[in-house]
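As written, the chains take the letters A, B, C and D, and residue 1 is the first residue of each chain.
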Amino acid sequence: MKVEVRATPLAPWRELASYEEAHPELAGGAGAASVFVGSMRDSNAGDSVTGMTLEHYPGMTEREMLRLCEEARDRWSLLDLLVVHRVGALLPGDPIVLVAVWSTHRREAFEAARHLMEQLKSTVPFWKQEQTDAGRRWVEKNTPGY
Amino acid sequence: MKVEVRATPLAPWRELASYEEAHPELAGGAGAASVFVGSMRDSNAGDSVTGMTLEHYPGMTEREMLRLCEEARDRWSLLDLLVVHRVGALLPGDPIVLVAVWSTHRREAFEAARHLMEQLKSTVPFWKQEQTDAGRRWVEKNTPGY
Amino acid sequence: MTVAVKFFASLKEQLGCDGATVEIGEVATAADVWLQATGGKSLPPNVLVAVNMEYADQNAAVQDGDEVGFFPPVTGGAE
Amino acid sequence: MTVAVKFFASLKEQLGCDGATVEIGEVATAADVWLQATGGKSLPPNVLVAVNMEYADQNAAVQDGDEVGFFPPVTGGAE
């Protein structure tokens, strides 16, 4: 299990290839992997967005991410989890968050990945600030995902 | 949109990296990507499984996969889809199927990817034969995923 | 008329046959094609039928030149 | 007792302050710490509170050496 807050660019597919290479025990045991990648869009609420800055609460953010992953692992008997979330400056198209879940069967993988994404959005201390033509603005609320 | 039946090894993360590289329009527009990878397990129904052979109905299989993808694209307003399914000889740990869905928001991506996996299992002509210590056996039924 | 028949997976093994070309009267269903191709074996209830690579009912009419596929329940995807 | 205070995101900008070290009486809640740190500003209802990096109620008691974080609703993840 790995949880990371990253200030440098995230290449999700390369990240996953490296992680599986480093965890050969997943091959053969894990019948299912469910992955979600959330990326920065070039528009929001009708405005063109040219950049984004993500802030976090160092220490607490990692702790909350780890708590969520441990809860999900136990609830769905997951084999492994990988969660990486960006902070710092992002451009449109840049991946913001990667959630990957490995399990024996597909139902657990799908449900856990989705649950983790909702929890990441609603409970982990991250804050987005968007850069638009009208200036910088803090993103004020989350879009419901269910 | 790409649908493929593949007789050679599938490296899902490399496949996704290449696909996104070839489709730069996804960056910026697609806020969400949901991916599922199903791999061959080294056991099934209590028995150790040492190999698997996947058969398909050339022509019909591709047609059914394409139909499912087009239906999902229209139903969830997806931006893009990639589905690759193995046929031929597989070993434990080998990826069998890759489903990737790109959309503006995460709800659509999650729901479409899960739906596609269920449909792939229940309607597309593929048949698995397992190799166990007791010999070869056809997999007789599907495990429900919902 | 002439109809192409294909068998897949366990059905192919049980019948010992990949497929066949069948000559049959002008009015025939997929089930008639099965009987002709298998020498009168009864069609197992769980066998799936496709006419020209689209799922069809066993009572669907077939035309000259059609391809009729017979196969067991599908088992692709992942656990 | 001494308590470390941290502010984040829009709250940090509004207050013009990352954080502070606050001296306060032996019996104090997170809300008391807020008042002390902000010079008596009222605590906005949507502000979240963490004591030692765990979510807490604004009426939670704080101890000497604790760290109290105040921040707006979180907006991580993806759309």
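To be clear about the criterion, a contact is a pair of C-beta atoms (placed from the backbone, for glycine too) under 8 Å apart; a residue touches a chain by one contact, two chains touch by 3 or more.
Note that the structure is a prediction, hence the values are computed from the model and not measured.
K.L.:
Just how far, in Å, is the C-alpha centre of chain D from the one of chain A?
P.N.:
26
K.L.:
Between chain A and chain B, what distance separates the C-alpha centroids? Give it in angstrom.
P.N.:
22
K.L.:
For chain C versus chain D, what separation do you get between their C-alpha means, in angstrom?
P.N.:
Centres of chain C and chain D (C-alpha means) sit 72 Å apart.
K.L.:
Considering chain A alone, which of its residues make contact with at least two other chains?
P.N.:
Those would be 31-32, 36-39, 41, 104-106, 117, 143.
K.L.:
Where in chain C do residues touch two or more of the other chains?
P.N.:
78-79
K.L.:
Thinking of each chain as a vertex joined to the chains it touches, would you call that graph a line, ring, star, complete, or other?
P.N.:
other
K.L.:
How do the chains pair up in terms of touching? List each pair.
P.N.:
Inter-chain contacts occur between A-B, A-C, A-D, B-C, B-D.
K.L.:
Sort out for me which residues of chain C touch chain A in the complex.
P.N.:
Contacts found on chain C: 78-79.
K.L.:
Could you list, by residue number, the parts of chain A that touch chain B in their complex?
P.N.:
Its residues touching chain B are 11, 13-14, 16-17, 20, 27-42, 92-93, 104-107, 109-110, 113-114, 117, 143, 145-146.
K.L.:
For the complex, give me every residue of chain B touching chain D.
P.N.:
31-32, 104-106
K.L.:
Show me the residue ranges of chain A that touch chain D in the complex, using the header's touch definition.
P.N.:
36-39, 41, 44, 54-57, 59-60, 63, 85, 96-97, 117-118, 120-129, 138-143
K.L.:
Show me the residue ranges of chain D that touch chain A in the complex, using the header's touch definition.
P.N.:
6, 8-10, 13, 50, 53-55, 69, 71-79
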